[in-house]
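First chain A sits with chain B, and in the next complex the same chain sits with chain C.
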Partner chain A sequence: MFFIIKIFVFFRRESKLFFTNITDLFSNIVFFFLSIFIFVFALGTDEQLLKTIGVGIIWSLLLLSSILSLRKFYEEDFNNGILVIIHMSGISYELLVFLKIISHFLFVQLPFLISLPIVSIFFNLPTNEVYNLIITFFIGSLILSCLGSISASMNLLNKTNFSLGGIVVLLFSIPLIIFSVGINNAESELIYLINLLIGIALIFLGIAPWSSAAFIKLAISNK
Partner chain B sequence: MLLINDLSFYRNNNVIFDNVNISLANGQITQIKGKNGSGKTTLLKVILNIIEARSGEIFWEGKNIKKNIFNFYNQTTFISDQYTSSRKLTVYDNINFWKGLSYSQLNDNDILLLLGTFNLKKYQNTETMYLSAGEIKKLELLRLILEQKKLWILDEPYNHLDNLSIEILNQTFIDHVNNEGIILFTSHYNPPINKIDVIDFN
Partner chain C sequence: MFGFLINPSKFNKLADIILRPLVFITSIILIMGLFLVYVSPLDYQQGLTVKIMYIHVPSAWLALLTYSIMTFYSILCLAFKIPFGFIINKAVAPIGATFTLLCLVSGSLWGKPMWGTWWVWDARLTSVAIMFLIYVIIIFLSQTFENREVREKTIAIFILIGSINLPIIKFSVDWWNTLHQPASISKLSSPSIDVSMLQPLIVMTIAFSLVGLIIAILRIKAEIIIRKNH
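Now for the complex of A and B:
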């Protein structure tokens, strides 16, 4: 019972921090929209071309804009030492990372879902592809949150070179991109690809808490 | 009772401290003194198992803390020299968060009273980033009362405090020790408390 209260308190704090930092989210979404606009303007008005490359471009820009928000993942909590206080209250680092991933998924990634149908209009995507995009992003954003947790906790050890964290996310998101963009070319085997994506998400959800917790412990003892 | 046995810690093969033996009985208040950079903060962190020791053992009430770490944390309040309050949350939100983490039994009236004694009542709904250094330190020290734990470990608790707050803090220390609590803190200031054990750490 007390344990559930702790988790509830954790999420209440995360949601309060989310509403005070809501401008960060807006700037991320604006970045996403502007980069989509730039792509559309740069490619011209070829309707067929936009239709064929639309999903690929949307996914690559989603990845880039999700890297923007990574810095916030652990750094503030790590620098003021609240990670240690939360740990000392009886929550292991592994569970802490898991809760952080869930809250990042809820508060940072899911708002992007709303922008996806709007963005699809610019690429003239057919409705079924928009549905596919939304389903794949719903699962894929969980994978992105896990990758973000790993790279952000790695970056706690390395305060000068931020691009290294971005490289980790881009490297590990290659399977995500392959399967989520490929879903449009394989309509008869839709459910298999979705299952595969869920499988990847579960693998990363299994790996991320342990590896991030190890990095955080290392960073705390090297502080 | 906290027993520290032959504790040593090395960083990059440099000795930070070696063979430290401390025993803290119930109702005992202990101050660690030492030069800047002599490893006082590191010692506290090693005692709390936040940083892994190179060798040595720590026992809390007869049990090795490595095997019963959450049992040990459950009876410990640690106030670090950093500001653990979230800068963008209000004073009240921060207190509520700490209260939930430690499932404290205090109700809202007690908390208002506590804020009143430290002169923080008017900042209830102010974000912590607008408070001064001393006020944030006082907010941190509220965790001592809020969490109601037995062992208090504090890192430089007297920093930034004004004279009145120092008096209140000293009185709090005396009350806690009289209730069989244990206090371990580092400071360069000598508080006027009787029966204070001083460990010279050089």
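Now for the complex of A and C:
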């Protein structure tokens, strides 16, 4: 019972932080919209072309805008010493990373869901593709949170090469992009591909807490 | 007996003994392999370009082998706290990157006359290109962090995460319909390649591995000396 209260307190703190920094999230979404506008200006407004490449562009720009919010994943808590305090209250680093991933998924990635239908209007996407996009983003953003956790914890002590974190996220998101964009022109049943995506999400949900916790322990012992 | 695999001073001792004979044997095998490649028959479809295979296949094998060795040593040094693995990881990564690049470039040169393009977005080609990027990131990582322990452990964990790519490369020709042909030589069945082409291929593979081994030994020895002076 006491343990559940601790987790509840953790999430209340995260939500407070989220509501005080809500402009940060809005600027991420504005970045997403602006980059889509810039893409359309660069390609021209041919309706048929935009319809065929729409999902791919939306996905790659979602990936890029999720990289923007990487730095605040662990860095503030690490510099404040909050990570150590939470650990001392009886939560292992692995569980801490897991809770962080869930809170990042809820507070940073899910608000993008609201922007997806609006964006698909710009590209004149058919309705079933919009549904597919929303389903795949719902699963895929969990994978993005895991990858963000890995690269953010890797970069805790990195003071010289900042773009490395983004490179790592892009590198490991390749299977996600392949399966989530390929869901629209797949011949087989939809449910198989969604199962495959859920499988990838579970793999990364298994890898991320272990590796992020290892990186965080390393960073704390060498601070 | 296998102490030289995990102990730097034993490794140094053994390396001093075997390095000179190894260079001698390697040069003989390399010359023999090149001669065998020269006299090997032309393919009835591909003509002269089939000889690219004798560079392409050994370098692809060695690129995979190098990554497997790095994965093995990463597990060893993270789980059993053997610091020799970190030395291996740092010394061997540029060798693997070079072999991967060699494989990609020779494959591209082979693809132009045979398939008509330098590059196709094919599962095998793409996964090998991703492995090259992983090697490059490992080399970047080894020059990023100031603290040595952080640097080494970060590289080891990154290698372990990146090893997901290895089975994808191996089985990409079986899982997806690709332009790249499936493996001609496998352990379980008889090879689907003629003996007159198999002989130079095996000799070239041995020669390539020995060249890689010599460079690895030199790099590891240099790395041990750097480590001692700090």
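Just so we're on the same page, the second predicted complex is superposed on the first by the 221 of 223 C-alpha atoms of A that agree within 3 Å, B and C clash if a C-alpha of one lies under 4 Å from a C-alpha of the other, contacts with A are read in each partner's own complex, and residues count from 1 in each chain.
The criterion applied here is as follows: a residue touches a chain if its C-beta (ideal position, glycine included) is under 8 Å from a C-beta of that chain, and two chains touch if they have at least 3 such contacts.
Keep in mind the model is a prediction, meaning the values are calculated, not measured.
Enquirer: Once the structures are superposed on A, label A:R13 by its partner contacts, choosing first (chain B), second (chain C), both or neither.
Expert: After superposing on A, A:R13 lies in contact with chain B but is clear of chain C.
Enquirer: Examine A:T160 and indicate which partner it touches, taking first as chain B and second as chain C; both and neither are also allowed.
Expert: So A:T160 only meets chain C here.
Enquirer: Between chain B (first) and chain C (second), which does A:Y93 come into contact with in this model arrangement: first, second, both, or neither?
Expert: A:Y93: touches no partner chain.
Enquirer: Report for A:F137: first if it touches chain B alone, second if chain C alone, otherwise both or neither.
Expert: A:F137 sits against neither chain B nor chain C.
Enquirer: Specify the partner with more touching residues on chain A, choosing between chain B and chain C.
Expert: Between chain B and chain C, the winner on chain A residue contacts is B.
Enquirer: Who does A:I5 touch here: chain B (first), chain C (second), both, or neither?
Expert: first
Enquirer: Quick one: is A:F179 in contact with chain B, with chain C, with both, or with neither? Answer first, second, both or neither.
Expert: In the superposition, A:F179 touches no partner, neither chain B nor chain C.
Enquirer: Quick one: classify A:W59 as touching chain B (first), chain C (second), both or neither.
Expert: A:W59 sits against neither chain B nor chain C.
Enquirer: Hey, what residues of chain A end up touching chain B and chain C alike?
Expert: none
Enquirer: Quick one: in the complex, what on chain C touches chain A?
Expert: Answer in residue numbers: 130, 133-134, 137, 140-141, 144-147, 149-150, 153-154, 157-158, 160-161.
Enquirer: Please name which positions on chain B make contact with chain A in the complex.
Expert: Those residues of chain B that touch chain A are 48, 50-52, 70, 73-74, 76, 78, 80, 82-89, 93, 96-98, 100-103, 127.
Enquirer: Going by the contact rule set out above, which residues of chain A touch chain C in the complex?
Expert: Chain A reaches chain C through residues 150, 154, 157-161, 164, 167-168, 171-172, 174, 207, 211, 214-215, 218-219, 222.
Enquirer: Applying the document's contact rule, which stretches of chain A touch chain B when the two form their complex?
Expert: Where chain A meets chain B, its residues are 2, 5-6, 8-9, 12-13, 16-17, 20-21, 76, 79-82, 84-90, 220-221.
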